[in-house]
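What follows is a set of structures for review.
Presented sequentially are two complexes of chain A, the first with chain B as partner and the second with chain C.
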Partner chain A sequence: MNYYPKPMSKLIKELSKLPGIGPKTAQRLAFYLFESSRDEVLKLASAMVEAKESLKFCDLCGHLTQDSPCQLCRDQSRDQQTLCVVEEPKDVIALEKTREFRGKYHVLHGALSPLEGIGPEDLTISKLLQRLQTGEIREVILACDPDMEGEATALYLARIIKPMQIKVTRLARGLPIGGDLEYIDEVTLSKAIEGRQEI
Partner chain B sequence: MGLYRSEGIILRSRVFGEADKIITIFTKEKGKIEAVARGARRPRSRLVGATQQFTYLKALVFEGKGLDQLSQAEIVRSFAVLRDDLIKMAYASWWSELLDVFLPLEEVNSDVFLFYLAGLLVLEKVQEPALVSRAFELRFLKYLGYEPVLDSCARCGRDSFVSAGFSSEEGGVICQRCYQDKPVKLIPLSGSNLQLLKELYQADLRIVHRWDLDLASEIEIGRLLFAFIEYRADKPFKSLSFLQSLLCWE
Partner chain C sequence: MYLEKIKIRNFRNYCTADVLLAPHINVLYGNNGQGKTNFLEAVSFLTLGSSFRTKRDEELLKREEKGFYLKGEFLDNDESLLLEVGTDLNRLVVKVNGVVYKSKRALFGRVRTVIFTPDDLQIIKGGPEKRREYLDLYLAQAYSGYRKVFLDFYRALYQRNSLLKKFREGFRDFTELEIWTNKVIEEGSRIIYYRLKAVEEISPWINRYHQLMSKEKEDLHGLYICTGEMRPIMDIDCIKEEYKKAIFRRKIEEMRRGYTLVGPHRDDLQLLLNQKWDLRVYGSQGQQRTAALALKLAMVDLIKRTQGVPPLLLLDDVFSEFDNERKKELLRLLTAGTQTIISTTELRDFPNLGSEFKALRVESGVIFD
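Moving on, here comes the complex of A and B:
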């Protein structure tokens, strides 16, 4: 069944473990690497090892960083009273790109999942509560994904944070910019009606 | 090969690849099926809303060489309430996992389908779902043929007896005599809760939430059915640990 020399099939096998990479893409990438110069391949390999070895999660917010506390946590010019809770480090990046939010972050490293049995103790929720105990935070913005897991996480967090006299908000769910109303699905549309604003 | 139409309820939806989902639908016409919903994680996809957990949809499915593909979907009922309330979400997830674990793929079971649909409609409305869920669990066990024996001793068959407790291994209540003869691992079950279980079997799913239930009884019959179901499935249910962590039964 194996048509490739061993090192090649090993490379294809490793590449196809990456997210979004099927066997065909893995095979194409493997050939590409084989045809690249030795320098190029080494650069890629060392970039992977370096990223793996020098990056960690910030002890405070859980974001990806080289030094802890991370740059975002150290930045005193940011709004210290608003905390945005996200599921993954890549959500921090997405929100930073908007340049709209100037507060602090907290990364949960996942979402509650009733079906996968992922409970509060599997996320950084106790750390979040510790941060809220200092009394500095006035508003928590829940920026969880708009799927069932994100919904579960937001509902759970709102339930435990509200009694601490902290304002809890969540990102609006609604219409994509530039969309055509008639093509929007019913669920999104009904959430958009629920979250309508006065103009 | 080709296209087929079916209506069903989404039992689970898993991320797949960059922007796709694999959904498990419990359909009226074909039983439990799995299909890929291409692009269903892209905000602009027409499949976003219809592929949410617990959605009751009409689906047009393409049967290909590999996995079936959901090509069109129309929402019949979104069951949004079940995703907007943490406790209801936990119960609905538990029911979904129950069906997903016990029902084999592509085995038509329209009775269970209608019963599940009715259950979700009730769950949507009630404030306190504990007894609704117990009734649902019992009824579902009956459909599967795993109905626990409650009217007589599960070992000797005597119907006038003093119960010693419930045995998952023997599939029902065990009488004092049998227990003294040969002890087995028992789950505690008081006389009044045994009666409650028997009544739940017969009861209309829509009215049981009005019955009185103290926390101790809720915990006793809940633990019993959870243990029995996990014994029958021969594996722990992930959604149960989530549900129990919300219920604060400790």
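Moving on, here comes the complex of A and C:
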């Protein structure tokens, strides 16, 4: 049963395809858009189209960018000898926010998962190997997600990068800052004990 | 921890039931088909997050009704625990002490529960998967790390099997295979280790219970059998080494068949009479029945030992196959401080109802105090 005029139900349908948007929220957004001024709606629509049309993945590192190579790849002030490998562009943003890492990035666009049909050839691994062959990079930091697939991907990469005489490291796992020791799950805690440091 | 109060709405043949239980032995009595097993099912659904009879929630619904709701109030000294689960089949609401959770899994492990039903004869007579299910359900409750290792193992196993399927079609990436093989070995070895440890511990208890209840005074022992000619050595590093060798021996065949041939997903628990005769083949019907019950009672002891508190014990129609002598033996075993809910058609089976007992009559989905 369709209670809405066609353009409205079409809008609701499109909005509800977005992640995290259910039918109720889609309906609310649709009404909001309808009640907004024409200018506002146009601004939103053109922002979406512009983002879609002007953004691409960097040819070098695979990060989201307007021009390839991306800003991070072009920045000569960054450490050219350290490369951080992540699963998604979102992870680059997260690491950049820390201002802790000043090297370069490589985005894999996923993790190994035979169940979902994702093998090494579906990730940007061959591109990564090309970059490593230039000999400029001394250390590769593997920053995959700490789940089973991320871990497998990290181990896989370590296996093929190590023979190239490049130092391979991965992010430490342990306690979150500001957490309560008693509420930390056993796996994290035992990893933290394993990776304890002398002070 | 014991169940003090349960509220049942539209579950199986119950419309509304609010029942107070005793901390010791609760006897549900009534004719067949009145709802005794349904009551036990409701209790176990709350504490395990699943039914022992069906995987489909819609079967649990009272006919013509749109949703069911269960609430259990548990007490442990001064602490109380409130478990709730309700569904209208589209939406499931799970609450623990009023906090909402997304999945029924959140219920599991908060109140450990051992359940025996007449169907458990299948643990003895059925295939190895029945005995693995038995080990997995109770080990997950006895050892707090087991469930995670179990889930991780199966995830790694499915990943590896998907990859082996691609190998069968001619694809080759040995580095990737090695990564997933190592994951399977890593997690699988832990499962094997837990199971070996548990079987060693419960085996004398199984024997004791079996001796007490069985007429033939034969010894009964459990033996964990690993696939792929692995030697069961109780050391995690040795198990890993053995597993690695076993998987290496079957490598070619695995690539041809497209799935993992060695590991805890194919292991078995063998039950031997007098150290020699397979109970499944050589045991009498009576021996097989008492053995099934002995397996469950041994798990009560294991959970008591590892968790420090006895689990809730649910016994469905356990007396129907026993003669008076064995009934008496079983009753003696039950009074040891473990809250038990037991169903029977004959209240006569409980001759001396003392203060330790509470009798509840069940009639067409209504429970009378």
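Going forward, the second predicted complex is superposed on the first by the 198 of 199 C-alpha atoms of A that agree within 3 Å, B and C clash if a C-alpha of one lies under 4 Å from a C-alpha of the other, contacts with A are read in each partner's own complex, and residues count from 1 in each chain.
Everything below uses one rule, namely that a residue touches a chain if its C-beta (ideal position, glycine included) is under 8 Å from a C-beta of that chain, and two chains touch if they have at least 3 such contacts.
Since we're looking at a predicted model, the values are computed, not measured.
Applying the stated clash criterion after superposition on chain A shows that chain B and chain C collide.
Contacts of A:Gly20 after superposition: chain B is touched, whereas chain C is not reached. In the superposition on chain A, contact of A:Pro176 is made with chain B only, not with chain C.
More residues of chain A lie in touch with B than with the remaining chain of the pair chain B and chain C. Contacts of A:Leu112 after superposition on the shared chain: both chain B and chain C are touched. Looking at the shared chain after the overlay, A:Pro7 reaches neither chain B nor chain C.
In the superposed pair of complexes, A:Pro120 makes contact with chain B and with chain C alike.
By the touch criterion defined above, A:Thr188 lies against chain B but remains apart from chain C after alignment on the C-alpha atoms of chain A. With both structures placed on the common chain, the touch criterion links A:Ile160 to chain C but leaves chain B unconnected. Of 6-14, 96-104 or 294-302, the segment of chain C whose C-alpha atoms clash with chain B in the superposed model is 96-104.
In the superposition on the C-alpha atoms of chain A, the part of chain A touched by chain B in one complex and by chain C in the other spans residues 112-115, 117, 119-120, 148, 151-152, 155-156, 159, 186-187.
Every residue of chain B that touches chain A in the complex is listed here, in rising order: 12-13, 17-18, 43-44, 46-50, 52-53, 55, 75, 78, 80, 83-86, 89-90, 93-94, 96-97, 237-243, 245. Against chain B, in their complex, chain A makes its touches with residues 19-20, 112-120, 147-148, 151-152, 155-156, 159, 176, 179, 183, 185-188, 190. In the complex of the two chains, the chain A residues touching chain C come out as 112-115, 117, 119-120, 148-149, 151-152, 155-156, 159-160, 186-187.
Put simply, chain C touches chain A in their complex at residues 144-145, 148, 152, 155-156, 158-160, 162-163, 166, 171, 173, 175-176, 178-180, 182-183.
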